[in-house]
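Two complexes, one shared chain (subunit A), two partners (subunit B, subunit C).
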Partner chain A sequence: MLIQLPRRNTSDMWPWLGVILVSAVCLLLRDKVAWLNQLPSDLVIPVADWINIYMDWFIDTFKWIFRSINWLLSWPMNGAQALLQWLPWPATIAAFCVVAYISSGWRLSIFTGLALLYMVITGYWSPSMNTLGIVFVSIPLAVGAGFVLAVVSYKSERANRIVQPILDLMQTVPTFAYLIPILLLFGFGPVVGVVASSIYACPPMVRNMILGLQKVPADVLESGVMSGSTKRQLFWWVQVPSAMPNIMVGVNQTTMCALSMVIIAAIIGGSADIGWEVLSTMRKAQFGQSLLAGIVIALIAMILDRISRGFTDRTRAIERRHLSRIERSKPLITALGLMLAFILLSIFVPALRIYPETLIFYPADVINEGLRYVTANYAFFMNTLKNTVLFYYLLPIKIGFANVISPFSWGFSLTSAMVWGYAVVIFVCACWLYLKRSWQSSIAVVVTGGLLYFGLTAIPWLPFILIVTLLAWQTGGLRVATLAFTGLLFMLFTGIWSQAMLSVYLCLAAVMVCLLVGGSLGIWASRSQWASNFLRPINDTLQSMPLFVILIPFLMFFQIGEFTSFLAIIAYAIVPMIRYTEHGLRHVPEETVEAARSMGCSPRQMLWEVKMPLALPEIMLGLNQTVLFALAMLVITALVGSKGLGQSVYIALSSADTGLGLVAGLGMALIAIIADRIIQSWCAKRKDALGLA
Partner chain B sequence: MKLKSCLTVITIAILGLTTNAQSAVPESSDPIKLAINEWTGQHISTHVAGEILKRMGYNVEYVTAGYFPQMVALEDNTISATLEIWSSNIGEHYDKALASGNVEEIGDLGLVPVESWFINNAAMEKCPGLPDYKALNGCVQAFANAETFPKGRFVDYPADWGTSNVDRLVALGLDFTSVPAGSEGALIAEIQGAEIRKEPLMVMFWSPHWVHAVVDLSNVKLPPYQKGCEDDASVGVNPNATWDCDWERGYIKKLAWSGMAEKWPAAHKLLSAYTLRNEDQIPMMNAIDQDGKKLEAVVSAWVDANEAIWKPWVDAAM
Partner chain C sequence: MEPANNNIKISCRNVWKVYGENPGQFFTGQNGDVRDSEDLRQKLKDSGHIGAACNVSFDVHQGEIFIIMGLSGSGKSTMVRCLSRLIEPTAGEVLLDGVDLLKISDADLIEFRRHKMGMVFQNFGLLPHLTVLENICFPLKVQGIDLLKREARAREVINLVGLEGREDSFPRQLSGGQQQRVGIARSLAVEPEVWFLDEPFSALDPLIRRQMQDEFLRLQKMLHKTIVFITHDFLEALRLADRIAIMKDGVVVQIGTPAQLVLSPTDAYVAEFTKDVPRVRIITAGEIIDSNKNSDGISFRVEAAATLEKIMPLFNDHPEGLIVERDGVDIGVVTPQVVVNALATAGDAS
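Showing the complex of A and B:
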């Protein structure tokens, strides 16, 4: 066998028993000792206030610099918007189709044409073009900033050590949290959205480019040096071209991230773009309208994604290079010719400049009717579903069996005999697992059993910090443990602990469902090509459609509250779980599969005994992404009434409280980073054990 | 697509260039930028004013702006004026803007807002004593759901709008839990969803709002507002608690960039004098959101038909 089980070692188990003991004591004393439940308010460090005071000074002193940047950036943006608005729509479509053709051929060209036609026919052309104008500024900005950061941290190890954690924060602190300081610094306008989305979008560029530069083979570098190139020549003519594939992947990822933030620009306002349409219709809870507008954003994302991905494809690039100069410029000449023709034509045919209103096809009312019908006729089914999930899944995690079991919910009340029975069952399970399986599973049962009984939000802070820190210690060693410990202390001492626990609870509940359902879908997709083809466009849409849109039907069906938020988080965060599981299972080394088959594995054994363990690191990476996505969704679900850190960010946004926003945002980032590090180091350990590293 | 064409386009007014010799209107041909926020009522209030300004000869530009972010824009004439600021929902951005000295209040809009608790028809049927608030405790079950049991469910304003209802529920001794909605869209989806499913609902809401044209909502009869009820326990029905009364009736303000009076004196006078009544705004709102008419068409029809109302403001301003 390739796989060797690690030696059974119980020395790591004793700290766990200690932690469980401390937890039990805390739980017994929590009614008597108030500070166990909540840190006394005079111990809370007013970090938020400090930030506010410092920010006020900073803004007053340096405002003028940022205001001039705003002014400078507004020129290319207004220019791009004015140009796109001025061009007759067929000319713009023609230009895009040709670019798509150059990038990857006819199929993409036709898709691009149809997608843009959709914007014309639904009457969303003008706001769509404003959005494109914004994106055309924010993408180069993010790519440029990413390029510079990558070069700096590639050249200097010390810079790299500073840049890496900042990248983590840039990706995990929700944009809403720093929207206020950016607004105050840069002044009003779509530039605020551009800057905010660039901050979020630039890390993938930095990461991919550093990776690309590091991967440049030493002999390539040497031959560059030997042919006498200067440092600058070496960088621009040798390193950058060799790193190009990775750089292009970075550009592609950055483009997608920038687009997902289009909606942020709309929250500030200042330009009538498609994000504003989505937000306004969302405010009116008009599902049809917001869906039709949301599709535009999804389509723009898909077009830019496919086109930029087409350019990253090496084989096509090489094919292109073999064409003669005339042949290569053919599509460009066609594009210019077509555009000129349409511009001239539009002088005589006004319908080509502004699409006639009478021809607009706008089926929003039909969609709304459908939603009404479902809401009216399936109310009973949806209520039952919601109550079942709440009573038997969400609420036990949140407030524990101790509080949830009542005649109203479970149909009976909790007696002390049942509590004892529960404790005995947990104990027996733990013993059995200890003897038959491993001490880890036995500890896991005890901890989970305790969590479910008392509820995540009712657990005093001390046991929680201890459990997480110990887990971090045993998976990632001292560094991860220190990070987890200080991160949790930060949340405790800045007074956001209870909100943080609400966020952790909601994400945890959603992530577990993603793990099960998404994992199963991933397995299914890895075994059937049909399933894979069926799931891919759904995944694409879920990821690029602004999530505000799906909230409306969820609200209609399930009302304001945690269940709606729970579903919304799942809808978004399940995607990476499906993708990574499928990818991991499909890319198990062929020779291993062959070997297993020749040994006579049944399909079931093949999946669970061979493929699963080997794909586990990749699957865990998917889980990692799922956790990050779930946390990112918290800000959105606060719009449908979920409490926790997401809500704090909004309260800060509306009360101009920069400090509170940043503290809450940092709290979310810390949860994400701690979870990320624990999962990553667990993955690394598994990979080591499997000999995959 | 009602808003699409009106939001960005700078429109140069040709109308209204009458032979009024002594007036130098427009004093400056720079566009007066009016803020467009996220709700239809505000679009109407703004477009009516914009239309009158255009007929006076001004350049008017409509700029989409978030409700809070617009305060920053008012400070440097990125936005020249915003016309529907609800007194109940102003927050610190508002205070900061006024404190900067670059933003000034230019009077009330004249709309009379009602912010209070509303119930739908299903609630009236299930709970015969309503709309008197004293009947609420008798039918908590009708309002309860899985997340609020054993208490009733009261859908509240989003937490970031700031609300006193948690205290109010306690002060009035009601067995209800306040569930913050998160956003206006969530409030409306909740109201519409309850109406479709015929489920009772009690919700914090306001009027004028277009949803009243779609769903029949009535006010809960709370003990009337008395001055001091929010900070003096002895005032109101409960001698031991504050907030034991209805919401105070608010008002709606207009704000402008301070430089307006100097740059466009007549426009400044007009916007200061400008008012709009509930009975003007609500029919326009229904025409747009219910009948799907175009905002510009509805507004210009109103302006055509109501010259008697706005002509005196223009005359006084010129």
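Showing the complex of A and C:
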């Protein structure tokens, strides 16, 4: 034998060869056998219609319950909004500043004051206060419900088994999708925002609180029991306070989710809030206006995030507890005094109650002018960038080299010699990788090569289902495989397959960029403290931003279309990739690093041979988050013209089509859950093998 | 040799703790007094159950330091938790002052814990959100004692363990040794009658551990609690214990005074522990007396509890021997010959 074949366990490889063979046959036959390309329409199960029929009945029967809840909720909500509108703006600012001071000190207090002043000066005070009114009603609802759910599922294993998958669904089904039934049940109006954001903001509270309760050390619990606590004392005096750091993290995340959803709920209108300002100006292509309003949302997000995060810091709470009672209540008294003073003053100085319009500074037209100038003068640059990415990256993934290569796009047309050349290159690569690396990399090259040639959306459904199911089976075993298989079948038989593939394509394209760019940034941040310090605030800001706002800058320069969506998804989904990569690389066991150093590893070897393999499970968890973030953003980008399931949901929303909305939303959730389970089980396996579990 | 005080405080009778699918099937009711416990252990193993504590019986006397010693997985922590009912035993009886703790209601149990028991934990178990003072007050707070009273009491125990000046610190601002002092103070705040200590010094540095052991003996001299002390450190057990129970795989292998364990280990497992223990530190004068020899010409007296290490130098001045007395009564004589014989036979035991 000329070449000595490497000895490996290749038993798992044979199914892949089988799948590749089936795929090849499907691709050869697809022009002759129509059902390979698309499922015949009479096989499609009209699930959406069934849901609609059931929904009609449900609404007719139970509408009164929901309308009463609506009525009930409208009281605190109208109250909160009326109060915030009535309070003179300096009084509100004073109150916020004091809370910010209590939470984390002077710097945040000043920032909060300036941010709120921005809202006053640009004339966005009233819509901002309306938004805050809704948020302030949703937060206690979400926190309260989350608290109860967490306690129930902490105490009862059976309840936990019901709650967990519901939480999964609540977080993965796109928010738009459940706006529809909520809208139908609760009717129009700002209360829908309250209900939707309470539901959406609940899961992080539940998750963090369960985690916190589970993390209470056994010693602490036992010491509580041995002190003679009753169950109630144990819960309120031992478990809850010990879990408090996690609970506060939950409150922080819940707050951010509530804000995010309140902004999204603006899409159904009904309240003069800041989300509506952004959306309506965006639709009119008044980007200056939407930027100014978008900044308001960003500022609100930052204020709420920093304040609620400040309360999670235990050292600060401890410092405060060492103050005397009088000193501790000083800020509160100051706040009340200031508020009272401003309220009294505003009787004599009306400008304090309502900021005079003549003093409003609103540079939207200047921004629009500037933007026009930029787009006019740099159009060539922008278009070149856009087209390059489209022709050489996005479209090959979407429709494949076979369809994208033409004199118009690439400057030449595809000849059969090129196709054969491509095939040979792929084959040689696969053989080389099989001999030098592993069969897995070899298979990966073949599958990727095939995908890029034929295009993700042009691949017949059968090979796609087989590939994903096989991948799921080999990483997560029978359970994950079953989930993947039935999930994909659901999408096939409910007739949303082609939209789903469009979503998968855009998500995949964006995730690949996040993986490369975010991974590199993460590596950089793990090696340089400067980079880490530089990236952290950017990451924090991007992550706490309501999804809407991220669209605005890209929309301004690249208009509506797939490219804008692509960029917006990357901007949002890259954050976890950076974070987890940095965290994973920085937390490789110190001993291992020292051992490697003492063996004489160069910095490069240290990174690729030692740290990378050990950090890989963590990095993959980052990738997992990135996928979920990308899918969440994908739905929002339907607003700026991306195609796929997000678009279906959006259409369903505007036509109040519960069935379509839920089916498409569920499809989205299934994509997210399947990706999540496959990556998670890979990580678990790997961590186990490395002894890091 | 039983301690002088024969008043039994805690009595543990045939206690079993079995983990697995259906541990109850092996016992009818609470009765752990099975005829053939070896046979049952085998049955447990065969059916995939794990016997964390098997047929454990012992008595702890009033004012005694009773140490349960064993390596990890031996069931010693399970046992102390069965005594305090932090873990529900599968079968058996735990009598505290004659009351079976396993039969009383939850409300009564809480009362017992509030007034009769104190417990110290390996990782301290302090509440992270409370100051030192508040942590120590906690057992009093759950009883509903008002603030001023409980703070006064807490300050007493703070003085007792030497933590004055740290009242307003939070646990994480303290060193390990200080944190365990808080744990000890908290467990003593309610003036418990029985005191459980679950590896209280295992998480501390060796030097601090030594200090805390002395501290512990000092406290016990003042307080005379009935103590069940868990450790994996045989030397610690020897230093502190009145009596030691050695556990292995859920079973008590031997119960006895330090000297009994060292001088006559029941099996190779116990002998392995005692092998390197200096005999002179363990064997006391009272244990090797020659009660037949008359005390003519001998005048110097030593206490029965004195170790050989202490009395051997005395033979320099009193080569004829020493009179051994217990509670003021002469009980016999030791001569250099007796000591040499005793050490020679003790050496054989290893």
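FYI, the second predicted complex is superposed on the first by the 635 of 693 C-alpha atoms of A that agree within 3 Å, B and C clash if a C-alpha of one lies under 4 Å from a C-alpha of the other, contacts with A are read in each partner's own complex, and residues count from 1 in each chain.
Following the convention adopted for this analysis, a contact is a pair of C-beta atoms (placed from the backbone, for glycine too) under 8 Å apart; a residue touches a chain by one contact, two chains touch by 3 or more.
Because the structure is a prediction, the values reported are computed rather than measured.
Q: What does the overlay on subunit A give for subunit B and subunit C, a clash or a fit?
A: The answer is fit.
Q: What is the contact status of A:Q499 with respect to subunit B (first) and subunit C (second): first, second, both, or neither?
A: Touch partners of A:Q499: none, neither subunit B nor subunit C.
Q: Looking only at subunit A, is it subunit B or subunit C that touches more of its residues?
A: Of subunit B and subunit C, B contacts more residues of subunit A.
Q: Which partner does A:T581 contact after superposing on A: first (subunit B), second (subunit C), both, neither?
A: It touches nothing on subunit B or subunit C.
Q: Classify the contacts of A:S442 with the two partner chains as first (subunit B alone), second (subunit C alone), both, or neither.
A: After superposition on chain A, A:S442 lies in contact with neither partner.
Q: Does the superposition put A:A656 against subunit B (first), subunit C (second), both, or neither?
A: first
Q: Between the C-alpha centres of subunit B and subunit C, what angle is found at the C-alpha centre of subunit A, to the nearest 10 degrees?
A: 150
Q: For A:Q543, select first, second, both or neither according to whether it touches subunit B, subunit C, the two together, or no partner.
A: Neither partner.
Q: Check whether A:Q253 is in contact with subunit B, with subunit C, with both or with neither, and answer first, second, both or neither.
A: Neither subunit B nor subunit C is touched by A:Q253.
Q: If you've got the overlay open, could you tell me the nearest Cα approach between subunit B and subunit C in whole angstrom?
A: Superposed on chain A, the two chains' closest C-alpha atoms are separated by 46 Å.
Q: Tell me, which parts of subunit A touch subunit B in their complex?
A: Spelled out, the residues of subunit A in touch with subunit B are 85, 123-124, 126-127, 130, 183-184, 187-189, 192, 266-272, 276-277, 279-280, 282-285, 360, 362, 372, 375-376, 379, 386-387, 390-391, 395, 406, 408-409, 548, 551-552, 555-557, 559-563, 637-643, 647, 650-651, 653-657.
Q: Can you list the residues on subunit C that touch subunit A in the complex?
A: 81, 84, 86, 110-111, 113-115, 117-119, 121-131, 138-139, 141-143, 168, 170, 183, 186-187, 190, 196
Q: If you look only at subunit A, which of its residues touch subunit C in the complex?
A: That would be residues 217, 219-230, 233, 237-238, 241-242, 244, 314, 318, 321-322 of subunit A.
Q: If you look only at subunit B, which of its residues touch subunit A in the complex?
A: 1, 3-5, 7-8, 36, 38-40, 63-66, 68-70, 72-73, 76, 78-79, 91-93, 96, 145-147, 149-150, 155, 158-162, 179-186, 188-190, 192-194, 196-197, 199, 210, 289
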